[in-house]
Every structure is written in structure tokens, then in C-alpha cells.
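Shown next, in C-alpha cells, is the structure this report addresses.
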């Protein structure tokens, strides 16, 4: 449609559609007759002949699983099985859109609610590596076993040892790299702290792990990151590639494959950490937090929420690390999906019966949403639940006052819609 | 479901259900306001209100606690207040501070009192409180010199110090393509400009501040430039974040924006003769939530 | 001298030397005249003509630095400079016996007392690696740069990545080792915990670090140990070689070179640990303790003490780890050198003004030693010092009673030797 | 420094300075004991004690708190006790329980009382206490059947319960090449065998328990087999650790072993006519600490 200058005055003489929201799940609208039609009929009838009042429910597209959601979810009251069943229905409904963030979040939450999952289950939610198994089972041509790499000769090996005996780590490393002996270079690097080791790893992968078909160095980037994660160098690794545009883009595009690969390498037998998915080993926790912050920083806030969920971070208004980034909700709290997923996450992961206090307003907003659509019984369940919560809040403080005030408004709307005319305040 | 046909013979500019959804007020270029009672499938015309001398652009019901009261604004530059008492309607006040068309009128959140916000093509907005003993002196300020097309109150939020400490905000949209956010101080009866939001490339036709209870504020603005912009901000942010409702322009100018009662769904009406519904998705973008069809 | 059966009776008719210790630093002796001489003279004079009473001091070989030792060393009273000066005189006196444990201990203590030393200073006390610098500065023939090692080809590299993405660490490692690609094998090993990594390191060094002239695999043993120390696998590494006789012997023989090499690789910039020699980084502390226990277990108790000193372990009667080995003294507490070195160690390293209580008896014994040699003023200093200590000991308890009792005996000996005949109890 | 010449005309078997280093007692095959006063450079023969009927092997001064008292033992099978009172010496007691040569006599640590330990070629050792009212019945036990050559008390150590709870130990060396460690219970007047230490390959000629205050016990034993063995043990150990003083054998038999007053230095005398001094080094081995030369 071309951008013609608008005739402001003429607009005052046009009939636009009219619309008004009403309480009790109603809405009123009036659509104008198409102007050319009107002219053709040559009648002078009103441009807007009919005004209709209908149920909002009949117009608003409702999420299929909204009605069946067993909320509000109350720890030790709501049955885990019911939540699992509901999540399962969501997954079946997602109409095959495997990459949808809603599906991924729901899948992960189902694993968490069941409380018997493993890290590779979560990994699979992000990226199904079955295709790799197919690839791995293919027979490969037996390669010729000609030596193609380098290593230090005896006298240089002794020099390396002599350097190390005299504390000359840098000299030893230089000698190894000059001779392209990466094995001994990695060993020397292992003495020099995680940053130097990571440098050697990256150098080695860059030099030696070039795969022809590899677009934007996918393989060496991924391997390099995996190794750095497990040596505890996540923060630095992520900082490094977030400063190189092409690597940053690679990481943002491939976040699922990356996290999946890292999670698949959590070995319950190493370290003394439990393999429970409720507690990530320290290096993994560091990685998940840093990677989540990276995603959030570059505009992938919802993906970041999923990563923070995997890391079992609590929902809270406190900023993470030394950033201004918070994890208050799974996705936008102003979206229905976001609010429901946040509530399920709280149910699955919060240790406290109190849950995550930051969700109270979201639950209130959700209750209002039910009421707007005329789903009064759902709205009532939430209103009752929130009514019990309000009693436990600190008496003073604007947060409590506002909350109670809004809850009262909700209750009066609910009452109003059920008793009609008689419900005058 | 009630269907009212041929409510007016001329253009109908606005129609609003009351708090209980029992009455419908419509206003028209025919200079009248009609009050209908709606119940179940039925409707009944209760009253036709005359008094304005030009097309009536908008009507707005006051909170029931004040009684059955309606405000209307018109091309004639006036805001009229109407009240039903004992089944009879009467005009009970006139607010005539503007020298040109008053394009929108809206009652403030009822906690502020019986307060009205009016926007006029004379470039000014006015805030006027109706006390039991008569009106107070209205507060009038210049908002958008070329003309103010719409104004909308922010929802009421109780701060630490109680009602008297409240920050009362409203947003305006003008013929200068700008959107402005204002702070109204009831004690000093003054209005100060807080933010000027640039983004539209033509007249802003409607502004709507979402009544959501969440801590993030949302303002929807629609314009003749065929876009709808969602402005959002949290208390701790310095600046408003601007999000286009959708990347492509709408087929025709956009005319009105209206949030559902709790701000979950946004309804837009425009020159393509459609009313489209929108809601926010998981990732903070806006997706369709339905469309009103005949 | 041939082992002829001894004629017991005849012995009763022989004049043996006579000898008796006296208080106040005296001793009495009588040496028989040589019997053949006597027969020659044909005199019938007594076989033992003279009995002499002399100062013990004139017979007992005294350590040159004993007189000048500024003991008892009292924290915040004795000047560090004096102790340093004294240690310096000991080092100059050790007559060039660089390998003597006394010299090594004194050298290390001098570094500790000065409080400004580095790990490589301590390393140098054990083993002066200057000879290696000479070796390192020699020019070497430029080796031919023909590739002699192996690495994975592209398709196998992709297989490794695919294995890792699917959590197949063992498969990835197997693939790497089958193809002798040790660099990638080490990287994979780094994901699998310190024990697997150490296995790969050892395997690699065994296969690839064979130096012809290397007797008992010195180089690969040493490198292997260094790498395992820094990955925190000391306990396992030491346990492993203590079970292989040839390696165990290598470690016992080369303890100084080994520890020196490890200390020289402590990099103050890695980790967040201070480079202060008063606090070894955790992996180093683990290594020093385990290696010390190893030395002690196989009969090198004094060497073990030196290692524990480097590790700044407190002297105490509590056993270390889950062993029965204790570190109560630097060397034998029944040796003068041991007692003095222990006292200097306490002065240098104990944080508490109380020092190491386990040394109290040693200091008492040292005081008695001074008294036996007639060095009464030194004995008095110790007696006075211990007198103040006694007041701080718990009143009851056999330890205190015995201590006080022996101290009283010492005091009475000192009094006796200074007043002579009049000092009757 | 005092030099006493020609103290006796026959073999001199022992010479001991008293507690204060003021008197010297010598004993000889001439069956006499001579008491000398030594002061500065001078010496003076004070008394010659007769009473034994055979060569006198050893003498031992009692602790001054008991008075000026000397014990002597002889080939004649007796132990005689001598006392100086008012400048005059007299024999005050006889201990004649043995049926053969008494080879060593030693007063116990003075905390035990006036107690004597005697070792005899009749194979027995005896412990006898001299009370103010006369002697108690001696405790006599068989130690080394072929003959006991030497016996030495362990130093006194106060245990938790006080003097009465003390473990009183002594060590013996015999003609059976063995060294034995014994426990003497003063309450029950009994002696029990604690350890038998094998190592020497010929008669053990002398045993000496170090008076060191350290918690580790040391016993030096010398033998006709030309070795000196140091036996050591801590309270918590089960077994005694055996250390050869030096790996090579001495040129001739070893005869006497004597610890310095606090056990820091060990003096050995032997058939090579030397008195050598020894002390422990840092690594727990024994190194030379001097030699007595003419």
C-alpha cells in the first residue's frame, strides 16, 4: 500500500470499526460496511449498521491447553502426575514445531517435574543427537596410517624436561609449539593454569582441527568450548567469542547444540558431584550461567531463561552476577505461556513451600486473564489461592498494599460477573 | 448475544459498555449519545442525550462508586458530564476550557477521585476534578502544539507513602507525531513532562496505557503511519523500550487502541475496517490473538 | 680381627679403661697402659697408673655453631636477623657437603626465616639446576622436520566430535588412541576426571617419551609425576610408583630433584593462591604431604621431615592423614642438630606465640645437653625460658608433673655447678 | 684438672664421681675402695674401705638426700653399703643374697627410695630396699640362668596416678647373650619380664638405660661380640627397635657403656683400651662425638 499523505480532516468523516471491552468476559464491536459496497447500494443507511456484544471467548484465540492447566500449582497439594500429564498434552499439541521455545521449555520442565531424569535427557530436549549416531555407525574407509603429525625428538624432549625442572614453562611450551608437538604442549599448558591451557587448546584446535566442509569453524569452536568448560574457563571462553562477531553469531545460532554437547559430557563418575539434574557440577553451573547471560545480553532473553532453568536458578528480582540481568520469569511475564511455564518451573524446582515470591504478580495477572475470557472458575481458584498468600505477606509496604488492592478488584469482578446487576459495590 | 442495529444514522465514533456490562453508551456525528440497556439477548434504548453542538468523539463511564455517570467529548470543544438519577438522565456539568475539538476524554482511576483527562486540537490537555461542591479549577497545559489527539491515564499504583504520595501519570499522542508521558501532581495542581517518545511518522491517533498489574508498564500507540508501537518500561529503567507490534505496516491507517480490562490483550481498529486482537508471546514479541469477524 | 672365642674368665683379669661422667660438665677417665709396653718395661706398676678428671668440653666434639646459637628462640623477642646470621654461619661451616641433610634443612630454614623467599629459592636448596641451564644453552643440531607422529584425519576428527556430542567419551578416547593422536586423547581425557586424564598422560609418556640414554625411565617418570601433581592426582601417582620396586627406588633416590622440579613449576600467576612460601597451593600441599609420607614409610624419615618443613606442617604428635606417621621433630629429637633445627623451624613457621608444644621436652633435653658440657649460661637461658612456660601448662596431668620435675632437676644441677660444695639440697 | 696417680696397685674396675663431682670412689681387684676428695687441681685420699673378700667390680653413690652413701659389689658375692658420717666412713649394711659374684650394683632413681639393684653370676638379680629401720626382704628373681653381668634402672617417669602408680623398669644383660627388660612392682614386691631382646652373639657385658627426658626410651648394650646395640622404643610402640651403633665390629670386646647425665652422649670402653664417645645424628644413626686420649 503506497504511502500517500493522509488527509487528516477526511479521517474525521470515516466510519472506523468500534470496539469496547466489557466485564464478565464480554466485548462489544461494530464493523463498518465496506465503503464501495455502500456506495454501490446507494443507500444512505448507516455505515455501521450493527453493534454486537459477544463473549470474548468466541473471538480471542485461546491456547488449547489453557483450560486444562491444573493451576494454581501448590506444592504438596497439586499432584506431580497431573502436572506431568498436562505437560505431555502440551508437547503433543505443539504441532510438530520441535524448535519452538515453548516445546523445549515444556519438555525440560516435564523432565524436572518427574524428578528422575538425567542430564542427557535434558540434552536431548535441546538437540536430538540421534542423527549423529547414524553418522557414527557408518563404516569409514580405513585411513592410511602414515605419520602426518610432528613430535619432538629425543634431545628436544630432554630439553623440555630440563626447562620444566628449571621452571621455564614458557620456554618449554615455545619449544613444543615450534615443533608442532601439541600433545606435550597441552601437558605443559596444564601446569600453567586454566587460561594458558585454554589458549593452547584453542591454538591446537585452530591449527589442527580444520574440517573442509566446516562452515564458520563449527567443529573447532564447539570442541574448544567443551574443553574450556570442563577446565572451568567458561567465563573467559564466552567473553572471548562474544567479542568476535562471527563466533558470537555462531554461538547465538547454535546454542542448543552447544549446550546439548556440554550436558552430554557430564560424567557422574568423575568429581564427587551427584548426577542429579537438580544440582549441576560447579563447572557446568558456571557455564550455564555465563552462557545464559551471554544469550540475554545479545537479545535472546527467552533462550537465556531456558538455560537458567536448566541450571536450576531461582526466579528472583535480584540481578545475576555483576550484571543488570535478572531471571524473574521464563520468557515474558506478560505472555500467557511465560506465566504458565514460570509457574510450572516454580512447582518443579523451588525447594521452599513459599515458592518464588517474584511470581505473585504474574499469578494475579493470569487470574485476571482467565476472568477476561470469562473462565471464571479458573479465575476463582487463583483468587482463592492468592487470598491465602496475601495473609502471609508483610503487613506494610507498598507491594502488599497494591497486591491486596488488585486482588480485591479481581474478586469484585468475579463476584460482579456471577451475580450481575445485583453486585453493586 | 445482543445485537443493536442502526443505533445512529450517522457515523458512530465510540461505544462503551459500563462497569457491569449492563449499559452501552454510543456517540455519533449526529451530536447525540444513546444509552442502551443490554441483558441476555435483549437490548433496549433507554435515553438519547443531546447537548453537544458537534460530532461526539468519545464517551467514558465513571466508576460506579460515583453513581451512574458518563463523560462525553465533542468537536464543539466541550466535555459534558451526564448522570442518571432515578431512571432519568441529566447533564450535570460542563467542562469548556478548550478552544477547539476535544478529541478524547477519560475518567482517572477511581482512587484519584472524580477526575477527568481531556485532550484537544487546541494543543492542550486538561485535568479537571469534580468535587461535591462543584468543579475545581482545571489544570491546563500545552501538550502537543498542533493538536492533541488522545490521552490515557496510567493505572493506579500505591507507593510507600500512601495515596498522597502517588505518582499519577498519563500519556498523550499528538498531531506532531509524538507521544508524551506526563506526571500530574494533585497537591500542586501541576503537570510535568516526563518523557517524549519519538517513533511515529504521522499523527498519533490513539494512546492506551495498559492496566496490567505487572511491574512493567506498557503503552500502545497507533498512528496514521499505519503502525502500532508498544512502549514498555520497568521502574528501574531510564528509557522506554520501543517495540513495533509488527514489522510490516498495516493496510490502512490505525485509529484506536484499547487494552482488555487487565491489559492481557490489545485490540486495534483501523482503516482496513478490521478489529484485530494482539497479545505478547513468550519472547516478548506480539502475536495475533484473534480477529473480530462479522 | 678374627672372631676367636672369648675367654670370659681371662677378661676379669684385664684392665679395661674406666670412665665416669660427673656433674658440672666434668668427666673422669683412666686409660690402661698398653699391655705389651707394660711387659717390656717389666715393671709391675699398675696397669692403670693415672686417673684424670677433665672438662667434658675438652673431649666431646662440639658442633662449631652450638655456642653461637641464639636460643632459646622466643617469637617477637629473638631478632630474625640474629637467627639468619646464625644460619648463615652454619651454612658456611658445613664444609662443602652440599648433600648433607643438615645443610639442606638449614638452607631452607634461612629462606623461611627471611620471609621473602620464593619457591624456586627452596627448589634450589634441594637441587641446584644450574647445570641444566648449561645444557639448555648448548646449540642443538636442527632436527629434520619430517612428520613422525600421527593424528586423526578429518573424518575421524568429526567422529570424535560426534562421539563427544553424544556423550561417548570412552569411544572418542579409544578412537584417538587407536590412531595415536595423543593431543586429542589428552583433551578428551581432560573431560573425564583427573584419574582418567592421568592414565592418558602416563600412557602417552610411556609410549612417546622414551629416551635412549634414560636409565630407569627417569625422564618419563619425572614428567609423569609433575603433570599428575598439578592435576591434583598426587596421592594416586605416589601410590602407583611405590608399588613398582624400580620406580619406588627411583623416587627414593631422586627425591631432591623431584621436589625441586615440582616447586619450580609453581606459578604465582595461576590459581588464586599466593606465591608466598608460607602457603603452598593445594595441589602442591597434597603432593608434599603424600611424598613425605612415602619417604617416611620407606625409611627416609629425615628426608620426610624436610619435605614436611617445606609444606609448613606444624610439629605435632598427631598422626598425619590416616597413617601412623607423625611429624614431631626435624630429624631425630635425640640429636643436637635435630633439636636445634626443630627450634628454628618453630621460630620461622609457627603462627602462634605458643609455638609447637611438642618441642618442650626437646628444649629441656637441649638445656641438659648444654649443662653436661659445662655451658652453664646457655643452660640457664633455657631453664629460665622453660620456667616461664611451665606456668602456662595445665596444672594436673603427668606431662606437666614430669616436665616440672625434670626442670627442677636441671635447675638444681645448674645451681650445683655454680655454687659448688655449698649447693647441698 | 686433678690427676690421681697409682690409686691402686692392682686392676681398677670402676671409678665414680659423686653427685657434686667432689668425691671420687675407686674400687679394685685389691679388695679395697678408695675415697678421694677432688677440688680444683688437687686431690686427697680420704679413706680406704676394706671389707670385701674379693675383687670389687663396681661402686655407686646414692643420691645426696640419703646422706653420703656408697654401694659396692664384689666377686665375693656381697653388696656392701658404706656411709660417711662426721668425716668418718663405716660399713652400714650387707646384702648377701647371692651365691656367686655380684657383677653390678646400682641405686634406683631416688624417688623410689633407697633401693638397690644387683646382678649376679648366680643367674639372679635382686632388688632390695633399705628402710630406716633396716632392710626389707629382698626381691630375688632368676634373670639369665648362666649369669647376669649387668643391670640398669630406667629413669623415673611420673604417670597419671602419682608415685604409687609408677612403672619401675630395669634392664639386664646376661651370659646367655640376651638383654631383658623387667617391670618391678613395689607394692606386690614382684618383678615381671616385659621383653627379651635378642641380638648379641656373645656375653652381654654392660647395659645402660638412657636418662633422657624425651619420650623415646634408649638402652645401650655392649658385648664381648664387639658390638654395641642401641635399643629404642616409644610408649606407643609394641616392639623395641634395634640399631647397631656402627656396622663394623669394634677391634676388641666392649666392656662398659655409660650415658652422660642426661643421656645425650654415650661413652663406651673396650678391650682396645679406648673410651669412645657417641651421639645420635639427625637421621637417627650414631656418630662419633669424641674420644678420650691421653
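General remarks:
In this document, chain identifiers A, B, C and D correspond to the written order of the chains, with residue numbering beginning at 1 in each.
Definition applied: a residue touches a chain if its C-beta (ideal position, glycine included) is under 8 Å from a C-beta of that chain, and two chains touch if they have at least 3 such contacts.
Predicted model only: the values in this text are computed from it and were never measured.
Once subunit C is excluded, the chains joined through touch sort into A, B | D. Once the centre of each chain is set as its mean CA position, subunit A and subunit B turn out to be 36 Å apart. Distance between chain centres (mean CA atoms), subunit A to subunit C: 58 Å. Centre-to-centre spacing of subunit A and subunit D amounts to 89 Å, using the average Cα coordinate of each chain. Shared interface positions of subunit B, defined as residues touching 2 or more other chains, are absent.
For subunit C, no residue reaches two or more other chains under the stated contact definition. In terms of inter-chain touching, the protein chains here are arranged end to end in an open line. Every pair of chains meeting the contact definition is listed here: A-B, A-C, C-D. Touching subunit C in their complex are the following residues of subunit A: 120, 123, 129, 132-133, 135-136, 140, 143, 145, 147-151, 153-159, 161-169, 171, 179, 181-183, 185-187, 190-196, 201, 204, 208-209, 211-212, 219, 222-223, 226-227, 230-231, 257, 260-261, 264-265, 267, 269-271. Remark: subunit A residues 1, 6, 8, 11-24, 26-32, 34, 45-56, 59-61, 101-102, 105, 301-302, 330-338, 341, 361-362, 364-365, 368-369, 371-372, 397-398, 401-402, 405-406, 413, 416, 420-421, 423-425 touch subunit B in the complex. Residues 1-17, 19-22, 24, 26, 29, 38, 55, 64-65, 75, 157-160, 175, 202-203, 205, 212-216, 218, 224, 226, 249, 251-253, 255-256, 258-265, 267, 269-271, 273-275, 277, 279-284, 288-292, 294 of subunit B touch subunit A in their complex.
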